[in-house]
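Note that the chains take the letters A, B, C and D in the order they are written out, and that residue 1 is the start of every chain.
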């Protein structure tokens, strides 16, 4: 399979998510990281490039220079990974798209609806791939869950209960990550809803195949002085008649990264938790609960397509993330043959930003229902 | 310890909850069942009395006759257990209270606020004990959870996430139990919220020591033709600033009796599930999660007081229920020495009925906030 | 159903297992405790009798007097529960059997093979019921496991892995219970193998329907000065070709009462743990694992026969023990109509004592194979 | 960090473990696969090389040619991964070591003691690194477990209970993997003991820091016609006084890859399972059980050194395997500065082969104790 060339914006020394993207890009051997604008601090950018073995010529001082230079090279990058803070996605995303380079962008899409719409416009005018790393949908059992729902194995869906509980913002924030997440000029007005609520929202939509028509959100900032929400209680209604609850919290002590999904139809229900991602409970009404394992008995085609190693050999977070990079390579090398993809893109990105806006609007009007 | 005499109203052959009360009354050897009005059907009442070895003279055709007769006997019952359907609690409760007999009543208190208020009035004028069997608060680890919260081990409470998920009403109802629950003239206007939502509400209140000031409820009846809710999504706010979510469902396929409670403060969090009642997760912020076992290391005084057998020897639903009967006996034999009791009574009963009313009022007004 | 009269030998104030037998006898309302020789200490015997509400006339100074007196009464006891330390079972068991009174005896049967044989002889000459409380076989899912094995659902059995891990003897013993267990003149030569190993052995035999033909045992006493084993590693072979491992330990730190059973055949496997007794994993080869719940979907007749309350409402240790008392009452009131019983009796008791002897013999000969 | 050049022997199209080694080599970006003798079938070798993007010049027809050619190149490989069937390790291992090339070899070391000794001799005369991929010791919590044991947190060790249960050989074997494992001319005389028993043995040794002095093994071949064991029941004794049990099975229906380790000392115990590798139970005597998470509260230095992403973001099998490749690179680039390594090597490889021989010797002599 053809190897592709990857660039990166952001992700310098010490950045968490940049490192994750690099692990993910490496695992399946489809990408070589060859260029970057790794930090807005020139020294840090250079040091990071050295660490990563980049040709110094392709370590750029800023994303604009990089987009132009790489577009001009015969061996220019095939795609760029944008791993800057949320409010800094739009600039590089638009620059690379307009330079004719595919974009793999960390979530959420943007800090404001304006930025989000601008990115969307660039996607449409460029015709380039835009992949948003709601990486949890890369887990094999999440692919299987979606496929089982779509095949009608749960019957008509009635309920979705989704939650994403963490505790790392239990106390007043310190540290760089906590800082920019809590800074509304950088992260946008959403706190937990933007950071993790969008993941939960995307996951529920992905598996059910449905997006809420309305939501009502009770947002809290439990830590004194915190300018954004650190906890969200959300009710959701769907045109199909399904209803749901979404809970996102960064102050739920004892929860590390507790993304959990439960979906119930009139025939069956399924339950999955990200911290134990190789198992899924599936219960047909009136029958014993089954424990479906990643790649084990009962694995579906969609699951098997993204499994690397046999059942009982746990795959984790990086593998699901790597599936995004593998599928991105598949998409790009096939040169837009139009096949549908399971990877989230600009549509899901806009949905996420609207979700955040709707939550804030609801919270500001006494938890009123807001149409999405 | 003195043995007491128990009567029972309802609970004839085939009744589920009547049998549970009898198991519970027997376990600790503090009660003898000696009288009953076990069924409104005379033949069934008589047959049931025979099964239970009652003196035929003390098998009564109706609760009024029973209340008068037992009050007049020198060896009359010390207390009566009322295990009739929800909407039929008020009649016997008032009759026995007014006859000077203590009452142990199944939950919820009543089907309407009017009935609930009438019972409350009888409790107050009689001065007799009134115990409402929100039995889940009899579990040792729930007693411990309350004690830990009260001792400040969780710090200032921020969040309560409580849920009660079942699936037995997934399909259109049949069977006697399903029938009366679904019949608003018998059960009142609440479905899942009355039947199990009140348990969840009571459990959250018991452990946190707090009652919501406001709630907003989205009620659903997913099964066509069902006149009452079979699923409830509820947001809760508390004067202290705590917030919560309550989910009650009888259509969540794969859930048998999934009552689960999670409470988070600014120092620690705890998590407990009724189907695995001998373990509780307790996490202090920044420390490894602890698994606290019933009667194991770290057991508190309140837990030890209601434990019968050592850690590792599971106690279950009946033991927690039996604790209600044991403590009821303790209360009665001490003849109102005024000690505070952890057993729920008329206050909690009224809270539950108001909870149901508030949910319905909220649902009827577009999920508006209702003051409790 | 007819109520029966129960006597008790041992079980005075502070005794653990005597209390357990009384809870178990009360739960289903089939027994009244009316007589006892509750302690060899007359004062303690009297005080215990008062606590339990016994008629002082029927509180006896010793078991011999009690056996004679009760046999002579028109309203004498139907059965006696023997809950003395292991090495003191034979005296009372033989006395009551010879007096024509049924015996319910705590396990293991005796501390020596001589005592065991003497009890067996008394059982045979008396024709009375003798029930040995290997109570773990009273759990509904254990009944179901046995039934599933017998029905061939696992195919030909290949493996049984059974373990019973505790930690309460991790440090040098103190306390009364620890003392007599560690005293070979009182408990016999077996330590953990007698106390809990016999339970594990019995459980494996009960579910598989097979008893080993040979075993090899490596016994350890990890705590300095302990005269008996506190850990046993045992290999087992069966005539059918099945093989097994048994691990019993009282020094496995972190284990409270970890009795666990796994059975594998050529078609399916099952796994169960006493501390989570309402769930059992069942896996057919090549199919997803099922979680079978007590009384839930897939419950068999044998399980349903011993279930008191619906799935999702946990039953525990006392309920399984109570099933022994309920079934003992059924057996006795049917007056030996010859129906087979699942309750362990003298055969299982002798098996257990021989198991202990074989373990010791093996350990003393370099872990040689010993025929059972 | 310097990137290294990797060659591979074996691992052509369709081979499971070759693919695993390649994932592992890629994840951390320290290795480029540049050469291979990927199959003994020339066509398959060539096709596999093309798939992997190797320069055709460096796709060799056999390992001998490869070892010579690569040793002669200025840009020759730094190390070779040997992923041939067990009985075919010795040839290539010796050839590359003698050519001065470091070796990363799949486990077990060899099918016979003769081959094992020959490899050991080559390791010693070459002075090159030899790394044996007992990859389960790459899991962060296993590193932490070893560190906690070494630091005395468990006190004096008493017990190790280790098991490795699978079910994929429940029925008569088919498929290539099953075939060579079951063929004693290819795999050696060990079946499950060689294939997975050596992993369990190595894991127990790694964490406890102890190797048994004696073992006794009961080996079974439950499937008719299978020439090697598919189940092993093993007792172990240690000079320190510790004792252990090891169970390895490939016929335990319902188990996918159930490697589980439990270690108990006189102060504390720990329990870990490979299928849920991001959690470990740790219990100090008399205190509540703690759930230690990978990278969470309580993580030790040794764990943090091999963690890529934060707690709550599961790492799995490939990450642990990749740690071997990362550490191999670290070892090689440091040019033998003599630092101790946690990676298993020739010593552990010889231990594993002797373990298999001892098991077979014990089984052939009536489960006698064999000195290791």
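We take it that a contact is a pair of C-beta atoms (placed from the backbone, for glycine too) under 8 Å apart; a residue touches a chain by one contact, two chains touch by 3 or more.
Note that this is a predicted model, so its numbers are computed, not measured.
K.L.:
Could you tell me which chain lies farthest from subunit D when each chain's centre is the average position of its Cα atoms?
P.N.:
It is B whose centre lies farthest from that of subunit D.
K.L.:
More C-beta pairs touching across which pair, A-B or B-D?
P.N.:
A-B
K.L.:
Using Cα averages as centroids, what's the distance between subunit A and subunit B in whole Å?
P.N.:
Once rounded, the distance between the two centres reads 43 Å.
K.L.:
Taking each chain's centre as its mean C-alpha position, how far apart are subunit B and subunit D in Å?
P.N.:
Chain centres of subunit B and subunit D, defined by C-alpha means, are spaced 55 Å apart.
K.L.:
Residues of subunit B that contact two or more other chains, please.
P.N.:
Residues 255, 281-282, 289, 293, 296.
K.L.:
Which residues, counting only subunit A, touch subunit B once they are in their complex?
P.N.:
Contacts found on subunit A: 154, 158-159, 161, 167, 170-171, 216, 218, 220, 222, 231, 233, 235, 237, 241, 243-245, 247, 249, 251-255, 262, 264-271, 281-285, 289, 366-367, 369.
K.L.:
Over in the complex, which subunit A residues touch subunit D? Could you list them?
P.N.:
1, 3, 16, 19-20, 22-23, 26-29, 51-53, 166, 255-258, 274-278, 293, 296, 308-319
K.L.:
Could you pull out which subunit B residues touch subunit D in their complex?
P.N.:
Residue list for subunit B touching subunit D: 281-282, 286-293, 296-298.
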